[in-house]
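Read the structure below first, then the notes.
Order of writing sets the chain letters: A, B, C, D, E and F. Residues in each chain are counted from 1.
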Amino acid sequence: MSDSRFDKGLKLLNEIDGEAGQNVIDSLQDICPDLARYTIEFPFGDIYARTELDLKSREIATVAALTALGHCAPQLKVHLNAALNVGCSEQALKEVILQMAVYAGFPAALNGMFAFKEVLAERSA
Amino acid sequence: MSDSRFDKGLKLLNEIDGEAGQNVIDSLQDICPDLARYTIEFPFGDIYARTELDLKSREIATVAALTALGHCAPQLKVHLNAALNVGCSEQALKEVILQMAVYAGFPAALNGMFAFKEVLAERSA
Amino acid sequence: MSDSRFDKGLKLLNEIDGEAGQNVIDSLQDICPDLARYTIEFPFGDIYARTELDLKSREIATVAALTALGHCAPQLKVHLNAALNVGCSEQALKEVILQMAVYAGFPAALNGMFAFKEVLAERSA
Amino acid sequence: MSDSRFDKGLKLLNEIDGEAGQNVIDSLQDICPDLARYTIEFPFGDIYARTELDLKSREIATVAALTALGHCAPQLKVHLNAALNVGCSEQALKEVILQMAVYAGFPAALNGMFAFKEVLAERSA
Amino acid sequence: MSDSRFDKGLKLLNEIDGEAGQNVIDSLQDICPDLARYTIEFPFGDIYARTELDLKSREIATVAALTALGHCAPQLKVHLNAALNVGCSEQALKEVILQMAVYAGFPAALNGMFAFKEVLAERSA
Amino acid sequence: MSDSRFDKGLKLLNEIDGEAGQNVIDSLQDICPDLARYTIEFPFGDIYARTELDLKSREIATVAALTALGHCAPQLKVHLNAALNVGCSEQALKEVILQMAVYAGFPAALNGMFAFKEVLAERSA
């Protein structure tokens, strides 16, 4: 039922994204709490909760897509953190971003790498 | 030296993409052989040849990015084949495409899935 | 509960998109039935079922977005049909497509208009 | 004649966008006044002046497109203001942005909603 | 006055794009003649008619943009023809397409080059 | 050999982009020096070093593409500087940006023009 998608999604969101995910949810409460709810239910309760692909591979796919799309810097930073949280190595994430130069061009790869530089600086602070 | 990037890249392209990659290269010979050469040297000779990330993870990243970008159906099909060739399971690739509904919308995911349907049909033919 | 999202979504999909929507769902059954299920549950069961915006406005928004994005011709055609089905006039849809020349450029508007020409031809056939 | 397109467009721009539109025009005067003139003549003098679609529907289409494209935050904010100015309700605009999660992914919808949060805060200030 | 923008634009469209441009205009007559008119007036009557940049440079810019955007194959082919018509060399156009690998990725460059291959084949037929 | 691609590329990068290019390279040293190396080798050592197209035409193509793509403001600013450095006139660059209203919409052209305004202000400071 709907509650369990939300509960399962919220648990997973907090495990994966920690504070960053919760901040996104919190900042939607006064403007559109339903978008917060859907963001928990569908991406996390439905998709990330599927067991047919491990979370490290899921985050590699997400980092690749968000780097390539190029217009989602805040979400890319959330998922670079998430990727580190679920066990992707720094080196693996650099490789994924670097590889996007091939598929989306050097500007997308450069902006992705600078986003990762910010994430690493924030984590070590 | 330049020759070794090309040689290393061509070897890897043929291992990963098989006939599909070679077809792309061949079809460029009469229009712009330098683009064929660069396509071997930089993506394959430089990037895919790096050992810091396994080829299965690289193909997951590429399938994710090409599904999300949405305007590269021929290259997506080449890389869905490549992903199967390097050992990604059908189920894992379906998960990656499915997940792109979250980041690039349902149309991108649907078009990616239909491309995969074509790839699987061609391989079983 | 989950069943009701699916049931509500399927009912709405069939009302709005008719045969075209069902064809998309059917064509996913052998490759990824879960994507079919999610396509019914989230876009239709969750979003289009919301009563805070009328279906004509929803379809105007969707036609605008798919014309502007430019890489989703099959989905644009489905939604041009859907827009006509829920009562948008031909003239209104032409205006929306035309207006996209301002926001996404003339090629996107031209390709959107040619998609609409195909839709109208198919409906009158 | 050309003057009337400009005059008609400027009148409409000021009615719809108020100060925000005029600011864009003003800020182009020292760099490219012709772009300011075209921005008045074509989008407003030609397109928005057409009477075949009401202004509320036009702004819904524009908000949908700019949210989906994802790289036009300043223009999205101008048009969220414009949409409120021509009578779209806050709730309707939230629905349009929310719906873009389906067609352009959750990051685009989230960034659109945060832009709307800024617009509402600026208007209530 | 409006007529002169149209007349000037149509003359220029026919000079630059020849039959291909006229075909686009013709194919809009039964669906949205106003889009045909705007396509002549703004891009050609207003922009290409400006004398501050030569037509060869304008077509280089257009070929670059359409190759990079990736979702406008028909318009790219029209402008590759146009570029040849106004005196760009085959080699220069190949260089522009090739260069887009840097800014929009290899798939965009490959698809652009294959579009050019089709254009050259059609012209020599 | 590889060294000469790097050396040739670095020389060209410094000639074209001056400080701005070097800053990008420098800022990558602590996060991913290989991306810096590839950014010198492929775009500059391989592509811009080709003599089949003059540097002014190359920068026009790049400014057009980055304006149209819309998500690469930092790289657009670097290349607007580069374009001026290799001899493109201010007027020519304004024309290229303006023309992108036709192919990528007015928001992309407006954002490109405002980026150019910043570049000109920084250069005159």
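Quick note on the criterion: a residue touches a chain if its C-beta (ideal position, glycine included) is under 8 Å from a C-beta of that chain, and two chains touch if they have at least 3 such contacts.
All of these numbers come straight from a predicted model, not from anything done at the bench.
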| item | value |
| --- | --- |
| Partner chains shared by chain B and chain E (touch criterion as defined above) | A, C, D, F |
| Pair from C-F, B-E or E-F with over half of its contact pairs in common with A-B | E-F |
| Furthest chain, CA centroid comparison against chain E | A |
| Interface numbering overlap (same over half, different under half) for chain D and chain E | same |
| Between chain A and chain E, centroid-to-centroid distance (C-alpha), Å | 39 |
| Chain centre separation in whole Å, for chain F relative to chain D (CA means) | 30 |
| Shared-contact residues (touching 2 or more other chains) in chain D | 38, 42-43, 66, 68-72, 75, 94, 98, 100-108 |
| Category of the chain touch graph - line, ring, star, complete, other | complete |
| Chain D partner contacts - residues on chain A that touch it in the complex | 24, 27-28, 30-32, 34-35, 38-39, 42-43, 66, 69-72, 74-75 |
| Touching residues on chain E, where the partner in the complex is chain F | 42-43, 47-48, 50, 52-53, 57-58, 60-69, 72, 75, 91-92, 94-96, 98-104 |
| Partner chain C, residues of chain A touching it in the complex | 1-2, 5, 38, 42, 46 |
| Residues on chain D engaged by chain B in the complex (per definition of touch) | 68, 100-108 |
| Touching residues (chain side chain B, partner chain C) in the complex | 69-71, 94, 97-98, 101, 105-111, 113-114, 116-117, 120 |
